[in-house]
Structure formats: C-alpha cells, structure tokens
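Structures given as structure tokens follow.
In the two complexes below, subunit A is the common chain; its partner is subunit B in one and subunit C in the other.
Let's turn to the complex of A and B:
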C-alpha cells in the first residue's frame, strides 16, 4: 500500500514533461511549421531567382525552376531543380529524393559534360549552388534531428529554441525560429555558433497566399560572421499541378520535362 | 680661437646648465612610455605606395589574409602524424585556434572560415559507383590506424591540400591560420604554444612559422634586445673608459651625455607621434658611439693636459680651443650623413636618419656644455690625480704601450709612406672586387639566429611542405568586347558550319537571321545576348522532337560560349596555358607549389568522371568548366573558389608557395615568369601583377638599395663640401675623405667576400661609416694643421700629432669598437650585424686615419702646407 503512491509519483515525474500541454504544443508547432514550409499542396512549381552578394558587394545570379512532389506529407518528397542561369550552367539539373529515415538520394546532371552523377548526402549542411542557403534550407531539416523548446509566445508568433540532437553533425550549437501563428511559416531564424555568437539569419521577407497556401515569396540569408547575403525570390508559383512521379527519375535529367516551362 | 667662448656659460654656471639639460631631457623622456611599435616590413614603403595598394586590393578581392602556419611533425611514429593520437591533438589544436581572438581587441582574430585544417576542408571523392561525396576531411578524430591513414590518403589525393596541408611524404601536417591583422601573429603563436604545452611530453613536434609570426615576434624580441644590448654596450664602453682614464667620476660624464642624448632623441621621436620601427629601434645603438666619441676627445685631451697647469678652467679653455671646431665639424658631418637618409624613398629609414641627425646635434650641444660643466662641479681633490702628470711624462711614455706604439707608428708612416699608399691602392682594388660580389638579399625570417625556434620551424616546415612563403601572381584579362553585329556574324558562321541534316540547315539559317536582326536593334552586347537567348529558348522548349531539341540546345551552347568569352578564366585554352605557366615556375625550383583554379577544376572534374588518375585534366569547354565549378560550389566552402578567381572570371590569382623567403628567390621567380611570358604569350591578352609579402619585400629592398646609394652619394658630396669649407681648401677636403672612402670600400668589400647579404642593417651602415670615419680624419687633419703652423714641418708636427691627438683617436677606436662587441651575443641577426660592423668601421677607419693620412701628408707636404703659412724655422 505504501508502494503505490510512490510509484504514482515516480510515474508522474517520469511522464510529466511528455504529457504536459506545452510539450504537446511544441511538437505540434514544429510539425505544422514543417508542413507549412515544405509540404504545401500535393506538388508545386516555382521559378527562383537567387541573388548572391558577397562581403565585397559583388553580385552573382542564379535562376532555376523547382518542381516538387510530396509522396507522403511530412515525409518522402521529390525535388527537381533545373538551372537556367548563369547561362553556362543552363540545363544543369539537381534532383533529390528526400527521405526521413535514411540519407537522401541526390543526382547532378552536367549537360556540357553529358554526365549524371549521384551525390552522397550524409551531410546536408553544404552550400546550395554556391549561395548562402544551405541544402537543408531548401529541402527542409527533419524535425527529428533537433530538440525544440518554446521560449516565447506572443499574439503573432511562437519563438522556438532548437538544439541539435547530434551537435557534431552541424556547424551551429543552436538556433531560434520565430513561427508566424497565422501561417505557421518560420519567418525568422537565428543561428548561433559554438561560442554562442549569432552568425547567420534566415528570414522570410514577404509571404503571399497562393491557391490558399501561405507561401514565402522572398527570403534572405545573411552571413553575419563573414558578410554577404543571398536573396531568393520566388515567382510563377503554382500548387497541385499534377506532376507525375516519373518526372523525378534519371530519364528526365538529360531532357527536362515540359513542366519546367510553364 | 673661439672654442672656449662657447663653453664659457658652462664654466660660469655649471649647475644651471646641468639642471636645465637634465630637466629638458627628462621631459622628453616622459614621452617614451607612449611608444607604439611597428614591425611590419610593409611599412618600409609608404602607405600609398602602388605595390602596397595593389597588395591590399588583392587581399581584399581574393579574401586573402596574412597566415600563421602551424606545422606538426612526428618522426617517431611510422605513420608520421597520421596516427589517432597525433590527429586527436591536431584536431584539438585546430578547434582551439579557430576560436582565437584578442580579448582586448576582438577585431584581431583568427579568420575561422578560411582556416585550412583537417576539420575545415572538404574532401571530394568517390563514394561507390557513379557517386561522389563532399564531406569534411576529418570532422572527428579517427579512432583506428585505418581511419587515420584514410585521412592522410584523402588529403594526399587532393592537389589543393597535398604539399600545403599534408606533406608530400605523408608524414607531416600543417594548419594555416589566416589572421585579421598581422599584429595578432605573436599572440596567436603564444596561445598555440601554451595550448601545446598542455599536451605534456609527446612525440609530435610543433612548429610555428609564416612571415607575420616572424615579423611580429621580431618586434617583441627587438625590445628585449633594446633593453639588453644597448645597456650592455654601455657597460662595455664604461669599463674600457675606466681602463684608460681610471677615474669613475670623470668617465661617468660621457655616459650621462650618451644617456641623455638617447633619452631625449627617443622621447622626441615617440613624442612627435612616430612609431618605433625596426630601424628606429636601432637609434640608441647608433647614437651611443657617436656621442661617446666626441666626449672621449675632450676627456682625452683634458686627461693629457690637466696636470700641466692643474687649473681646470685654463685646461678646459685650452682643450675647447683645440677641439671646438673639429667636434663641431665632426658632428655636422655625421649629422649630414644620417640626414642624407631623408633622401631615401623609405619612410622608416628617413625617420631613422633624421632623428639620428637630431641626436647627433643634441649630443654636440650636450658635449660642449655638459662635459665642461660637469668637470667644473667636481671637487679639485677628485681631479688631483687625474691625467698624465707633467714630470712623469717621460717615464710614462716608457711604460705606456700605447704611446710606444704611437711613437713607432709616427716614424713608420713617415718612413714607409710609399708602401702605405701602395697598400691603400691595393686594398681599394681588392675591395672593389669584393663590392662587385655583393648580393642584395634580405629575409625577415633570417633576422633570427639559426637556433631560434622560428628558424627551426622554417627549416622543418619548408623541408616537409611545398613552402610557407607566399607570393601572389594576379592575372587580369585586358580583352576587348565584341560588337553585337560581330557577335551575330560569329554565331551565324558557327551554326552554319555545325548544321548537318537538311532540317538543321534550315534552322541554322533561321537562327542566324534572328541573330542579325537582334544585333541590328541595339549596340548593347548584354542586351543582344539576352534577347537572343529568350528567343532561342522558346525554340528549345517548342522543339517537336529530339533532333530539334538537340539543335537548339547546341545553338544555345554556342551562344553561351560566345557570351562567356570575356570570362577568360573559364576558357580551357586559358586554363591550359595557366597550367603550363605553373609547371614552368615549379621547374624553376623556387616555387614549391602553385595553388590555382586549374588544380581545383581538374580535381573536381576528375572526381565527377569517376576518380581515375588519368582523368585529372580540364573539361573541354568553358561550359564544362563552369559546370564543374558549380558542382564544386555545392560543397561546404564554395567561397574557396573566390580565392583563386574573381566571380567575373576575368582575374585569376595564383597562390605560389615558396620554400624560401629570400628576396633573391622571389626575384628569380619574377625572372622565371618573364622568361615564360616572352616565349608563351597567353591565348588572349592578360596583364600580370605581383602581390604578397615576399614580393613586397623585394620592392622595398630595391628601393632601399638605390635609395641608399643616392643618399650616400649625396651625403658624400655634402661632407666633401663641408670639409672643403672647414679646411678652406678643396685638396684638404679631399684628404679628409680618404679614410672614410677606404673604410667604406673595405667594409663593403668584406661583405662581398664573406658572402654576407646586403640587407637592411648593412645598407644603413654606410651612413654610420660616413659619420664615424670622417670624425677621426677631421681631428687628425685639424690638429696636424695647427701643429704644422706652429712647427713648420711635418717631421716635427708628426711628433705632436702622434702624441695627444692620436691617443684620443686610438682610445676612441678601442673604446667604441670593443664596446659594441656585446651585440654579437644578440639573438637577433640585425643587431649582431650592426655590432660587428660598428666595431669594424671604428677599427678600420682608425687604422686608415692613422696610416693613410700621415702617409699622404708626407707625400703631399709641399702642396698641402703652403710655405707662406710656415712661421719661424726653415725645414
């Protein structure tokens, strides 16, 4: 009889955090944010103009089209990135099959070399096409890789403090994400290095509702440590256009599908 | 004689004079704590010097920094440092180093993103068939031998790392730490050494080098030297004077004069806002002998004369009458010699020259006022036994080896004057031969002695790696743009030649016509390409079949190729030419390795193709190069590309690793490049420019050599005019130049024969020679003339000259030259050089004065001493 209350208290202590309202809410915020930013619609197409400005103010441009198809919401996804500019990389294709439970498959097609190469993707913290965006900023970081904590809530947003579960696999020690309550889009993220210095921000500069989906149409990464930034602008965005899964195969790397053109 | 009049205030108000002088000096001395040190050899050139502006521009444009190199070597372990333990320590060091910043000034830090270390570089490699992998080379420490060796092999397989981060023998590893400010190098070195000390005794040897470390460490050690060497020299001079003059109270006076001069001059230098550069740190060492020399002349004369009257006022007046003019002139000539350095194009040398000149004139004022005032303040009893007592003179001469020797010398120079003069001519001839062998060279790392850890690091690391000295060769396209019409014509031509099938011929005509039409619309080349691109792209996506698609894709390729023509460093032929240039430089032997866009493109392309060794080559088209670079830019450090080429691909930077930092090595590299360019012009026009610390050193050195030469010739003329004025005779003027000329010829001849490089300290010594060597000649000739006027013949005059005046000269030579011997123990080579050469200059100019001048006077007696001037007896 004496044992019971102790066991109850122990059980309560053990499960309290997991069953608390806040913890539930955090997981939900994270899940909704993940879906809002990377899984809108069944599929989608967008044209992207990327302006890379380095610390010296020199500008470089990238222009590409992204096709995306969700296989499973919050899970497997297919990406097809077709480069238009700079001109000498036109027709270059970067294709990704994204998985949650294993490393992504990535392909690179280099038209002038007529070469298809798979790229190992154990590390997603590498640059996306020489910009300040990382591969993971574009394709999404799996929520399971981090621990999330709600540190602030206002009428408009949630502020999450996020720490990686495997600190050795990433270059940041933690980051914060401000998530807009109405759209659940992360609109401002700050990354901190191992010394606790803020060195990088990712922000949504403009959000528009397209076909009922709140969509970031302009975003920017700033490199606070080295200077420089990349601005990404999205245009001609459309969702649910009926992309076939077969488009996201090696066969279509050499000659892009017509869906690349509007 | 007017001499003593100037000294009268000192004789009348000695206390006041001493009080005023000491106060003024101490006031100036109060400035000294404000000292700022500048050890940056770049500052040998003015800040707006074109080569420096360009160097800074290159650093900015290609995001380059001054680098501290930490090399790790393990000679015990069979795998070198590529064992788990050593690599674990290296990783710890690398992580530690990446976070370094100056707590007092966070702007001074290690620039983390550009660090080259095993955990900060990407490796590109095969990962199964058809798959490549970009990943950090060593994100965590290896735990097994296999993992450690895999790190080594992956690094060796990357031409950008081989010879740079990992030694070619696979034994050693180097970490490159770019720093935001060169002045932070010493602190980085200290921090690393402290961290290394935490490891305790291990088999790894750690070496830290790189020009910034050498320069910054030199600056720190320079001050230890200033605090040790200069006082040591003073002590030595003090002891020698004590030996000659016996009386501590007397010889304290010249020491005080020297001290006051040095304090006042350095106070003035620092107070007027100048930084203390390597050059100006030598001011005390240069001022001391010059100051002491003048005082010794007075003391020596006083010493010899005092006992004749035992009246210090009378003796002082007499001494000053004799010495005032020669001391004034020696001061003016010495000052002129140093002031002439103001004519050089090198700011620190100018400042050095002007402040030494200032110090010399100050020393003159102090000498003629302070020394007599000081003597006046001494108690009569202190002076009672000072100097050579009259009645004892004859006996003394018998005892004094110096006097015996001088007496002999007087006779010898009289008798064998022809032999002396012949030997002089022979010496000059031999010296000329030596001078012709002088090699102009400098290397800041060699400012440290052989055994210094920095030299050790330099030797070890340059043995293992391709070189720790950097030079940057920047190539820039000067190609002109096409007109839209010319571009349209070129495109049409290419398309018509390419079309094979009937359909393709039709499309080719269509495309060509379109190009001409678009070209006619405007003069803007960029607009032309964009418009045409849009039109052809429509055709591409409207293509009905693969044949059409391929045609328009090809047409687009031609368009892109033409548009990209201005991006010269994407063109395979240009990159191929660059490879040949790099190979030529490496064959030349001075360049250990060239890091450029060519190795990066070839390495990435090789891995894209499958990694076979034979595939280490360039893609065949500019688009191929561009796509290879784009593939590279998906790595962790895409910006590494911009160290090697600008984003417009019109400028390329070759980071050359030189194994030696000698200016000669750099000069040979410059010549090697010119030889290559003469025979192998680039495919399209390029300009080339050099940057990098090793190159800058060459530029200032060239300026210095010629600057010094002109300054020297200039001051030679000035001194000659002064001498002519002093002696009221061009011939006497010429005579006064003899010892100095011979000394300079001898010293530089010696430098040539010994093979000592003509470097910064050596260059500056010519001014010192000018100042010191002419000093003795003035005293000797002035006194000779005075004696001849009285006695009427050189035979008689020489007796007097080879007594008191010669004793002063000899004492000077011995005191000052021996006084500088302690400098030879300095751990910094420029101090050793200066110490040795000051001693040599004193000794040689003393000998030259004592042998050559009497010999010449004997030879030219009738010409030099006009009979009308002879008073009294017939010779």
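Let's turn to the complex of A and C:
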C-alpha cells in the first residue's frame, strides 16, 4: 500500500515528460523551435566566421559581427551585420528590419562611397554573403509559410516533415527537421527537391548553453547536389546586452556602434 | 605632390613585381600594429590598364595605365575613431606620381545624440543611382569615365559633418570651409565639346579654371532633415555653395569658373511593388545668373528623378530611372546665346537602366549601366565584369562607351573617349 504511490510517482516522473511531449501540439513544437533558434533573449550579439568550400575544394572566408534585437517575440526583429572579412567588404554594414507580414527592409552601407543603399532583393532563398547558407537560414523562416507534421518522436527529438504553403516561392518541395527535445533547437535538417531527391542538409555541430539559452555555436550546410559546404562558427556570444532600437538606423550605418568592437 | 621623377611605367612594374614578396612581411606589420598600437592597417595594390576604342589625334591611345597602392589605417581613440586612408598612384598616362589623401578624419559623439566627423571625408546623400540631385558634393568624373573603381567617383572634402539625432527628424549639417571642386573633363585626358570654338577639343585645347581659394569665404553649407517612418525614408535638403563643375566662363581670360549655387530639394524612398522606389526633386538656383540671360553662366534648373529597382530573378536585379533637367528662364537663355551656337533643349530627359547578375556563388558579378537621353539622342554604356579569384585577389574588366548624334550634347561630346579597361587588385 505504501509502495504504490511512490511507484505511481516514479512512473509519472519517468513517463510524464514523454507523454506530455507526445501530446504537445505540433504548432507548439514549431513555435518553440522558432523562438529557440531566432529569438533567444531580448537582444544579442555574436561574432561569426564562415568557411566556404566550393565543389573544387577552394576555400573562402567570411567574418562579421551580428547584433539583433527582438521587437516582438516570434515577430518583428532588427539585425545589424558588420563585415570584417573578406577585405573587399570590410566595414560594410548590412541592416535588416524583419517583418512577418511584408518583405523585410534591407540596407547596405558602402563606406568607401559613404553610400546608404536600399536593397531591392526580396528573395529570401538566395545565398547569404556567397555562402551555402541562405538569407532565411540566418534571419529565420516564418512558421506560417509552411505546414508541419510530426512524423517521428524519440526520447530525444521530434522529427517534423515540413511542406511549403506556396511551393512556387521556394526551391525545395519539402524538408525534415529534427528538433532536440531539451533545447528545442533544430539540429538536423534535410531538404528535398521537386523530384524528391535530398540535395541539402543543415546541421548543428555544437550547442552550448549561454546565459541559460541553448545556442548553436557551430553549424554546417552541405550542398549535396552541387558539392561544397559552409561551416559557420559563432563566438563571443552574449544575450540581453541592452541594445537600443535606435542602433538599427542610418545613423549607425555611417558610424558603427561600439557594440561591434571586439 | 606631382613629380615625374621616376618613369611611372618603371614604378608600375616594380610595384607589381613586388606584390607577392612583401605579403608575409606585411602581415607581420599588420599584427604588430594591431597588437601593440590597437591600429588596423589594410589596403590594396592594384594595376589597371585601358585603351581607347578609336584612335584620335588629340589624345593618347592609352586611356588608363596605372599602379595604385592604398593604405587604410584606423584606430579607436577614446570613444571615437581615427581614420587615415591614402593612395599612392603611379600614373603612366599623365606620367606622374601622385599622392592623394582620401580620408583623414576623426568621428566621435560629444553627446549621446550628436555625431561629429572632422577632417577629410567622403560625403554622400540622396537616392539616385549614379544620378545626383541633392548630392552636390565633389565628384571625379575623369576617374568615372576611364574605368577606375567606383570608389573614385567621389572626391573627399575637408569638412565638418554633424548629425543630431534627438528630435522627430534627424539633422545632418555639413560645413566645408573651402569648397572642393569636382574633377571635370578639361581635355587633358578626355576630349570634350569646346563651346567657344564650336568643336571637340582635347590636349590641344585644355581648359583652365579659376579655382575658388578663399578659405572660410568660398565655403559650402549643406543641410539634410530626414526621417524613416515605417520603412519610408523622407528627406529635405538644402545646399549653399557653388556649382561643383565649372559652369561659368570668364570671356576676358577664357578661363572657366565656379558660379555660386543654392539647391533646395526633397526625396522619398520606400519599398513598393516588390522592389524599391525613389523620388527626388531639386531646385538649382544659379545665383550668378538669376535671370538666365548671362550666356557665360549656366541657368537655374529644376531636376527630377524617379527610380525603381527590383529583383528580376534570383541574384539578378534590374533598376530603371527617369531623370529630368529643366532649364529655367529658357527664353532668356535662347536670346542670350550667340547666333549659330548649338542650343541645349529646355528639357533634358534621361533614362538609366542597371542590370546586375551574380554568378558562381556570387564571386562573379556581371553588370551593365546605361544612360540614354532621348532628347539629346546620346548614350553612355558601362558594362563590367568583376571576379573574385579568391578572398584577396580580384580581377575586373569593362568598358565606357559614349555615343551621340551631336557633338555638343552631354554624352555625345565624349564619343572619342570610348574605352575598355582591365584591372587586377590584391587586398591586404
């Protein structure tokens, strides 16, 4: 008689998370994954290094600092990207005001000409800075663009099958995302083309907890069709540093803020 | 600092030969400066050559032939940044060595909502793409037409620039104690329409000018009020100074001069229809010829610009602009011109097209920029290919083609200057 409640509690403790997780709505998994990947903290700063290897094995580097601020969690965000490498784009700044309900506003500052350009490109599936990462991999893809289905669940992860609502707007027919149950970070994604061939993978190679936020500190994209890959490493990451909204304006394109200093 | 001590061609080959040699040493210098003095040193070394498409007697066949070394030093000083950027140029066409200080300034914020930049700096504002209405700051048209890097279209000014960001609108104030004139086409390197003689002239008839030289009196003042409201950028502009190119001719000396000018304008830029649209207007008040009846000074003008740029396909963008230059007091202009002189139209219409395509993982950029004036019946084409061989080495080739039905129109006068060029740049 005495043992029973303990056993029940033990059973509950053991199985509760799993049971609750199974019961977790797909929409909630997607939402939590989106927030974990792109909205950690109120704001953040990270230094980024990319190593791009093309199909012939030639390597190119990118190095930049990203400042980010959330205006609303899961919604509007501001990005400031300060380039350091390669040398021909040194001191250039790429600024984005990201919206969910309309095209992002993007600016590029060319320091040699003291020129603030507005970028017309609205395609989010184009390469980010010549790497195998796409603009959308860096800034996030709005969950409302896709339909999500939970196709597999283990003790450690959810496996989602994701299809675009507007297939004409993207180059993939579907993709799968393995989402880590403890961090809700997507750790492995596979993209399939219209013929159903897997052509691209994105994977988190290392995750670290920073100020309580599980954070991908190393990731890799592989281009299975064309060959080549890009490795992206994050360092000196910090969250909730008190970035002001005014930092994401033309003023700070001309005069980079002290937050970008190493 | 113009001396022809060493033959530029010798220096050019020397510089290029040396390029791989000092690379390792240079890295050590960079590390030393960065670690010990908190100073970043970068720059590039470049060789660039080009030829005229048509041989002409009044100009050299070589349109550009030069080696350039740029050094760019920057360091944080207090809360501000100190910047020094200078070029050493061995110019094989003009057969001279040249040193040019492109930037030498200190930027800081004396108050939280105030930015100051003091010293030599590049100044740009406005919304046009290679068309300028409210950007009255100095340009280097010669560099632009012979195929130097786009960076050299802008000439730096010795200026004080202040930004005030506390109110409902951002305020930019610029003071240039001694006006910086543009580098215009004077015949020394590129041929041009010589009005008084009514013909195309080149090295046989190089124009001279009276440069303004009274510090604190021949000054430029510029103001911009701007605001970004939900993705739409509004701006008002004011300028008080001089025509940037010498739009006046002193008949006594046959020298050009820089008449006084004031400009008042406005612009608007926003996302529209899946692209970016812009509108800009300006009123050019030619203060030395208010009535437009002095044939030796350019009339006042109204200028208008409408543009739209959009993505046509992945990594492929296209931009269109319509630009109008309307001569004011046209009747007075017409009456004042000597009989038989070719007259400019009251309205100069200009269309521009820009196409940019990125290829090979964005390492190859193919671009084409066309100016075409249906009213002047002339055009300027700027095709260019730029390829990044690796993170440090880039090669680019292109052409500057001028064509026109008449010799006296804006692009038509440069027809003999059409050229092709090739450049190789190593950054460090």
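As a working rule, the second predicted complex is superposed on the first by the 235 of 262 C-alpha atoms of A that agree within 3 Å, B and C clash if a C-alpha of one lies under 4 Å from a C-alpha of the other, contacts with A are read in each partner's own complex, and residues count from 1 in each chain.
Heads up, the rule we're going with is that a residue touches a chain if its C-beta (ideal position, glycine included) is under 8 Å from a C-beta of that chain, and two chains touch if they have at least 3 such contacts.
What you are looking at is a predicted structure, and each value in this text was computed from that prediction instead of being measured.
In the superposed model, A:108 lies in contact with subunit B only, and not with subunit C.
Of the two partner chains placed around the shared chain by superposition, subunit B and subunit C are both touched by A:258. After overlaying the two complexes on the shared chain, residue contacts for A:225 are found with subunit B alone; subunit C is out of touch. In the superposition on chain A, contact is made by A:127 with both subunit B and subunit C. Once the two complexes are overlaid on the shared chain, A:56 sits against subunit B while remaining clear of subunit C. When the two complexes are overlaid on their common chain A, residue A:97 makes contact with subunit C while staying clear of subunit B.
Contact with neither subunit B nor subunit C is seen for A:167 once the two complexes are overlaid on the shared chain.
Judged by the touch definition given at the top, the superposed model places A:212 against neither subunit B nor subunit C.
Residue contacts after overlaying the shared chain place A:75 against neither subunit B nor subunit C.
Under the contact criterion defined above, the residues of subunit A that touch both subunit B in one complex and subunit C in the other are 54, 58, 60, 86-88, 90, 112-113, 115-116, 118-120, 122-123, 125-127, 129-130, 255, 258, 261. For subunit A in complex with subunit B, the touching residues are 54-56, 58, 60, 83, 86-92, 94, 108, 110-113, 115-120, 122-123, 125-131, 135, 168, 194-195, 225-226, 255, 258, 260-261. Residues 52, 54, 58, 60-61, 85-88, 90, 97, 102-103, 105, 112-116, 118-123, 125-127, 129-130, 228, 246, 249-251, 254-255, 258, 261 of subunit A are the ones that touch subunit C when the two sit in their complex. If you check the complex, the residues on subunit B that touch subunit A are 60-61, 63, 99, 112-113, 122, 127-128, 130-136, 139-140, 529, 533, 541, 546, 549, 553, 556-557, 559-561, 563-564, 567, 570, 605, 608-609, 619, 621-624, 626-628, 630-631, 633-639, 641-642, 646-648.
Interface residues of subunit C, counted against subunit A in their complex, comprise 42, 44, 76, 79, 107, 109, 115, 117, 121-125, 150-151, 153-154, 163, 165, 170, 226, 228, 231, 233, 269, 271, 274-276, 278, 309-311, 314-315, 317, 319, 361-363, 388, 390-392, 394, 427-428.
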